[in-house]
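One chain, subunit A, links the two complexes that follow: it is found with subunit B in the first and with subunit C in the second.
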Partner chain A sequence: MEKKIGCYICTGCGINEALNVKTLTATVAKEQKIPLVKNHAMLCSPEGVEMIRNDMTSEGVNTFLIAACSPRVHVETFRFGTPMIERVNLREFAVWGQPDAATDKDAKEDAQALGEDLLRFGCIRVKKMNNPEPFEDPGLSKTILVVGGGYSGMTAAKGAADAGYDVVLVEKAVELGGKVAKMHRLTPANPSLPGKDGLQETGAKALCLAVETHPRIKLYKNARVKQTVGAPGLFDVTIDQAGSDTVERIGSIVVATGYNLYDPNKLGHLGYGASPDVITAWDFEQMAREGRIVRKSDGLPAKRVAFVQCAGSRDKNHLEYCSSTCCTVSMKQALYVIDQYKNEASTCVIYQEIRTPGQLEDFYRKAQNEGVVFVKGDVKQVAANSGGGVKVQVADKLLRGDESMEVDLLVLATGMTPNIDTTDPNVSSNLNLSDEERAKTVLNLDYRQGASLPSLKWGFPDSHYICFPYETRRTGIYVAGPARRPMGAASSATDAMGAALKAIQAVESISRGAAVHPRAGDLSYPSFRKEGCTQCKRCTEECPFGAINEDDKGNPQFNPTRCRRCGTCMGACPQKIISFANYSVDMIGAMIKGCEVPPAEDEKPRILVLACENDAYPALDMAGINRQKLNPYIRVIPVRCLGSVNLVWIADAMSTGYDGVMLLGCRHGDDYQCHFVRGSALAEIRLSKVAETLSRLQLDSARVRLTEINIMDVDRLPGLLDDFVKEVTALGEQPYKPF
Partner chain B sequence: MAYDLSFAKEVYKTSEVGYWIKMCMQCGVCAGSCPLGPHWEHSPRQLFQLVRAGKMEEVLKSDSMWMCTSCYNCIVRCPRGLPITHIVHGLARLAVEKGMADPKQPTRRFAVEVFWDNITSTGRVGEAGLTMKLYFIDGIGPGIQRGLEMKNQALGMLKTKRLNPIPFRSKIKGFAGFKAMLDKAFELEAKKESNA
Partner chain C sequence: MARRCVMADGQAASQTILVVGGGMSGLTAAVEAAEVGRDVILVEKRPYLGGRVAQLNKYFPKLCTPACGLEINYQRVRNNPRITVLTLTEVQEIQGSEGDYTVRLRENPRFVNEKCTACGECAKACDAEVDDEFNFGLSKVKAVGNGHNMAYPNRYAMSPEFAKTPEAEKLVAVCPVGAIEPKMEAKESTLHISSIIWATGWTPYDASKIRPYGYGRIPNVTTNMRIERMANKFGPSGGKIVRDDGKEIKNVAFIQCAGSRDHNYLPFCSRICCLASMKQTTYVREQFPDAKITIYYIDLRAMDRYEAFQKKIEADQGIRWIKSKPARIDADLESRSPIVIGEDTLTGVRYADKYDLVVLATGMEPNIAASPVPASGMTYDAYGFLANATTGIVGTGCATGPQDVSGSVQASTAAALKAIQSAAKARG
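Let's look at the complex of A and B:
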């Protein structure tokens, strides 16, 4: 269908007072040759929208350039059922962000020039944009694979199946249930509710039964995933069940492989091994389940029991993190002792800090009220008693001295380690696994970037705890429960439901050809002009999500459904052969060149700001909303991610005569905030190489800078821009300015 | 051996509101709030932990619970809602009952030997009589010495009408009612004890 562009300039919200709309209109119509330009006093009003809609029928307008307010507002108002739309942010940038334009003639002139350039950018963008064709494949599946049949896995499987999706559940053991099925009781999930503060049945039996008999769940017990080939919607997963292989077509995957307990043999300093009466919390749980809380040494009743918290946790030499459940587990187990031995019971929890998040504080109170004694201190020495039981020396931090106690059992509350293979994404050596090592992985992914999920820290798979829980760096693969981060059964159940919903969202989006996250709904995806490829492998290496495989000759093999549409590959490609229908090196390059740069003698510098859409652009926008003065010499072009910035744009900017280029993006590094994980980090690495190019052009590398910005930096931002403009102008005349 | 629970259990059962001690989470807010805190041998927090650690002697021989002024700062601030002031007084009382409180503890002597008689005999506090009795509690010699030491303060208070110089004061109006009230309180207390 032929593209018919309509440009609509709003004159409301002070735009008409601050800017010369007539000139703006002429810029679009005459200079940019978009004949259909209309003004409206309030474009967002029903009448304004009606005007646009009328043009759709009468004029056949199918591509929209809305020059009004920020693209972050009135998203619904200006939705015309097509992605062929561009918003020009006149109001926030050229009006509200230029508060002195009303009184100062020079400022008014600058604001007008800014408004015109913004419109030029918009015109070029709509002229260059094409309607993205969604990715389709007849083989797409909506079946959800759940790996792990423990509490989290069963909950996820049942949740997805109840919601109407076919589920394949793979469990390595002969029976479902995992660790929870082997527990005696659970800590209460909602101890603040009246009557709910006591210990609870695990409910594992009922859950196993529900999963076993669910018509939508296909169960593979005594089985494991041998290999995962393909991409979301199109995964071909080989399941090895007792030696025989089956291949299932899978849409998305929930990994719920649970946890392992920290090895107590490393805890000699806490007395493990000193006596059979020093045991782990897991062993104690098994005893309680059998209803016999006794000394291991001689089978006599264990009425005096001490629990050691943080056994190998929050400890530089062992696990550095908190497993978040051990404190409440010990309280629960102390209550077992009190329940069995009543008044004769004597229980003591030796702790560093008690951690009972949320409502579990009520459970802590309950344990205290039942008479459990809490001692803050370090275990110094543990020795077997000749008559059974152990003698424990404690450096008591509350009484400030060494104390000793005699107990029948000393229980070590050990922490959790994730039962999943992950690889450090920054180390490429671990990408080439041997067959033997591959066989040990949970999914054995056939991805160019490795068979395992990339790790975040401490072997847990990458998952942005706050903003994007469950997400891994592999699209369509979600992790739930303690495989993701340490958690107890109640949290695991919620977690599993969350991951199941993400898995459902993934298969549904993919069936429409849309991106999942964070560009949810985006239909565009990169296309590769293969003829130009030099097999440099930058795209296959740099894609943060492992979307691109390689064939034997090093040609990129693109998997659209693995893609998150960040454009990092587009930024990486030195041949500029990767592009999106509505986002390309050529498009942004043309926009950059489309700015009207005044000659040097005008002393009006121009600074190109390539701003990440996710955090930096909203921050700029909010500064405008707050009527903070935004430097009028900056020209902002939003980018999907700094990772998508191709270095050729820097050259384009310099040859056009911009005085400097500023890249605004999210924090990178270990505590990254980049929405595409590695995008801003890669931009930084690429920029470090730009100095050479600049010196070839006789330019100071200080003209290009990357600054990390987060959405809270609104107040800081205008000052940062001013400083950069000042520093760059101090470098002297930019030699490539037009005459 | 520490952390033997028998003393703790006794306190929970017999000391006034002593069962609250098990709810203390050792945050130390009480210790930081008590205006006399720095002068105590043990802060409330420590007292409570000592109880739970089974350290009967250390608790009951401590002079800490005699130092409490009943300002209620700690009660107001304790995040766990412990009635700390009452617990502390309860522990003092337990110390007396068990014969472990130091008979020479000044607060105790003041309360038992001076204050109680002074207020119950008339129904009001007679400052002059109270002071005299307190000064001469250890005999004539030390009494005169204390009196001389405090002479200037006493004269100042007299001048500003802060001290009633008459040592023997008349009974309050309705003294009989006051007496009946006290008797009833004793009776109730005795009943409570025989039930315990």
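Let's look at the complex of A and C:
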């Protein structure tokens, strides 16, 4: 369909008073050659929108340039059923963010120049913009693969199946159930609910049965994932079941492989190995399940039991994190002893901090009420008693002295480690795995960046664990339960439901050709002009989501459904062969060059600001809303992520005569805030190499700067921009200014 | 906001999900369900979304601004035609059963209509001020305004008390677009929906109920949520943590479990307060590099991966950690400084230490306790939190128990699936 652009300039909200709308209109119509330009006194009013809609029918307008207020408002007002729309932020940037035009004539001139340039940018963008064709493939599947048939995996599988989705569940053991099925009882999820304060049945049997008999769940027991090839919607997963392979077409994946127990052999300092009566919480659970809480040494009843917390957890020599469930597990197990031996039971929990968040405090209270003794202290010595049992010496921090206790069993509440392979967050590849090592991975992904999910810390595979806890760096693959973060059964059940939702959302989005978080709904994705490729591999290495594989010759093999549409590949490519239908190196380059840079003698510098649209741009926008004065010489172009900034834009800016370029993006490094994980970090690395280009142009590298800002730096921004303008101006004349 | 509202009697309507509460939990549930492809109606009783999270200065453990995640979520709302946002709206009554609910809503008047451009002329002309609820009454705001920087939707609202005054009428002429309507009335409407997610969040526990701590009576005893606002540069003191007399702060105490884990007040643990106070020590440190900081605690609850954050804070040598629940706070009348009195459980030593500022780490009271779900057959726990039932009305976030942001997002994503399951069941 032929593109028909309509440009609509709003004259309300002070735009008409601050700017010469007639000249703006001429800029669009005459200079930019977009003949259909209309003004309206209040474009967001029903009448304004009606005017645009009329043009859709009478003039066939299908591409919209709305020059009015911020793109952060009135999105729904200016929704015309197409992504072919561009907003020019006249109000916030050229009116509210500038001095009052009525009292300041110079300012009026500057604001006018700014408004015209913003319109030029908008015109160039809509002219270069194409309607993104959503990715389609007849082979797309909505089936969800769940790896792991424990509590989390079964809950995820049932959760997705109950919502109407086909599920393939792969469990390595011969039976479903995982660790929870081997437990005696569970801690109550909410002990403050009426009648729910005591120990709970695991419910594992019923859950196993529900999963086994669910018409939508296809079950592979005694099986493992041998290989995962492809991309979300199009994964071909080879499942090895007792030596025979089956390939399933899969849409998205929930990994629920659970946890491993921390190796107690490393806990000699807590007495493990000193006596058979020093055991792990897991071994104790098995005893309780069999109904025989006895000494391992001689089989006599174990009525006196002590539980040691943080056995391997919260310890810089072992697991640095808290395993989160050990406190309540030990309370639960102490209640087993009391349940079995009644008044003869003597139980003690030796702890650092009791961690019973939320309503679990009531469970702590229950344990205390039932006679469990809590000792805050450190285990100093553990020795086997000649007559069985162990003698434990504890430095009691509350009684302020050493205390010696004789117990039948000393139970170490060992922590949990995620049962999943991950790649180091700082290394983008585990390509060099041997076939044997690959075979041991949970998914054995055929990704150029490695067979495993990248981790953030401590081997937990995620990327934004506060705001977006399910996001891994592999699209369509979500992790649930203790493989994601230390958690108990109740929390795992919730987690599994959440991960199943994300998996469903991924297949539904992919079926519409749309991106998932954070550019949810975006239909555009990059295309590669392969004949221009030099096999430099930057795109395949730098994609934060591992979307691009390589063929034998090093050519990029792009997987649209793995892509989050950040444009990091586009920014990385030195050959400029990667473009989106509505975002490209050429488009932004043309916008940059479209600025009308005044000659040097005018002493009106121009600074290009490439602003991350997620945080930096809203901050600039809010500065305008707050009527803070934004330096009139800056020209802001929003980018999807700083990762998408191609260095050629710097050269474009310099050859156009801009005095400086500022990149505004998110914090990177530890505690990064980049929504695309690596974008701003990669921009920094690329920028470190720009000095060479600049020196070739005989320009000072101080003309280009990357500044980390966050969305609330609204107050700091105007000063920051003013300072940069000053510093750059002080560097002297930019030799590439027009005459 | 000219948003399409699914006032439903057709087929499409029966699949619609109602989310009650526009804080992080409700926002998450709404966008997660909508991005699956479901129609969602999100109702919020305040004039803007964002809930408690919008009031926070920083998140633990990354010490980043919550506005960053909020903005992304607002983007997801703005860009998704399946989400209808109704602000100033409360649920009056719910009837029916899973898959087929009839819900009566009341939309309270904003007194500013959809024409509002947030230009600010009305606020400029308005002399009347009201207590700023967003800043916990630490400041006054104009009786007409848009709340705060991250208010979404960015549209002004007028205080109902002010709307009744003749001054409000005068603003009608001030507004260049005719958006001021002091005579606007509440509207009732009825929706048909398949399932409901209840995410009405929490209110900071009223510290004045903890009488021995003298909040409201003893100067310079404040609360953790007030510190969040004070430390925020757009807050009532421009980002400065201040005493009421403006005197320099050299010595700050945080009292954990102020009201929580206590049968006299909130018997449960509020989960976030340990980490919140640890976070707030960084605010103090940033502003007062030499300040002494004391944390009185019972147990330090930095669950699972947050342990790294505790370690980070423990590296600050200027922090004294005292295992003790202080018995009471006295006032030193002359210096207007609070004196914290109690016994150190680890040393047995009694203390009576004077501080420039004492921060009570108050806990979470579920909003649902005061405003239960207006439907029959709901189950609540001993403290009024909603039981996470399997019916078509699903609780999430702090409506079901004390939660941090990450846990709320987790639970709300799960709640979205439960709601979709209800719709699937209704479909048969």
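Criterion: the second predicted complex is superposed on the first by the 731 of 739 C-alpha atoms of A that agree within 3 Å, B and C clash if a C-alpha of one lies under 4 Å from a C-alpha of the other, contacts with A are read in each partner's own complex, and residues count from 1 in each chain.
By definition in this document, contacts are C-beta pairs under 8 Å (C-beta built on N, C-alpha and C of every residue); 3 or more make two chains touch, one makes a residue touch a chain.
All of these numbers come straight from a predicted model, not from anything done at the bench.
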Practice task
Determine, for the superposed arrangement built on subunit A, whether subunit B and subunit C clash or fit.
Solution key: clash
Exercise for the section: Figure out whether A:Pro598 sits in contact with subunit B (first) or subunit C (second), or with both, or with neither. Expected result: neither
Problem - Greater residue coverage of subunit A in the superposed arrangement, subunit B or subunit C - result: C
Handout entry: Touching partner for A:Asn369 - first (subunit B), second (subunit C), both, neither
Key = first
Exercise for the section: Look at A:Met497 in the shared chain and tell me whether it touches subunit B only, subunit C only, both, or neither; answer first, second, both or neither. Expected result: second
Problem - Partner chain(s) touched by A:Ile354 [first = subunit B, second = subunit C, both, neither] - result: both
Exercise for the section: Check the residue A:Glu76 against both partner chains and state whether it touches subunit B (first), subunit C (second), both, or neither. Expected result: second
Practice task
Would you sort A:Gly459 into first (subunit B), second (subunit C), both or neither based on which partner it touches?
Solution key: neither
Problem - subunit B versus subunit C as contact partner of A:Pro276, first or second or both or neither - result: neither
Practice task
Could you say whether A:Glu403 touches subunit B, subunit C, both of them, or neither, answering first, second, both or neither?
Solution key: first
Exercise for the section: Considering only the touch criterion stated at the top, classify A:Gln673 as touching first (subunit B), second (subunit C), both, or neither. Expected result: second
Problem - Segment of subunit B that clashes with subunit C, given the candidates 25-33, 115-123 or 187-195 - result: 25-33
Handout entry: Shared subunit A contacts, counted only where both subunit B and subunit C touch the same residue
Key = 354, 365, 398
Exercise for the section: Spell out the residues on subunit C that touch subunit A in their complex, using ranges where they run on. Expected result: 1-4, 31-32, 35-37, 59, 61-65, 67-69, 71-72, 74-76, 78-81, 115, 117-120, 149, 153-154, 176-177, 233-234, 261, 267-271, 299-308, 311, 345-348, 379, 381-383, 385, 387-388, 400-403, 405-406, 409-414, 416-418, 420-421, 424, 427
Fill in the blank from the handout: The residues of subunit B that touch subunit A in their complex are 1-5, 8-9, 22-23, 25-26, 45-46, 49-50, 52-53, 55, 80
Handout entry: Touching residues on subunit A, where the partner in the complex is subunit C
Key = 12-14, 42, 44-46, 69, 72-73, 75-77, 79, 159-160, 162-164, 189-190, 192-194, 314, 320-324, 353-362, 365, 397-398, 400, 457-458, 460, 465-470, 485-487, 491, 494-502, 504-505, 508-509, 512, 516-518, 520-521, 614-615, 618, 622, 625-627, 666-667, 671, 673, 675, 710-712, 714-715
Handout entry: Complex contact set, residues of subunit A against subunit B
Key = 306, 346, 348, 354, 364-365, 368-369, 371, 373-376, 394, 396, 398-399, 403-406
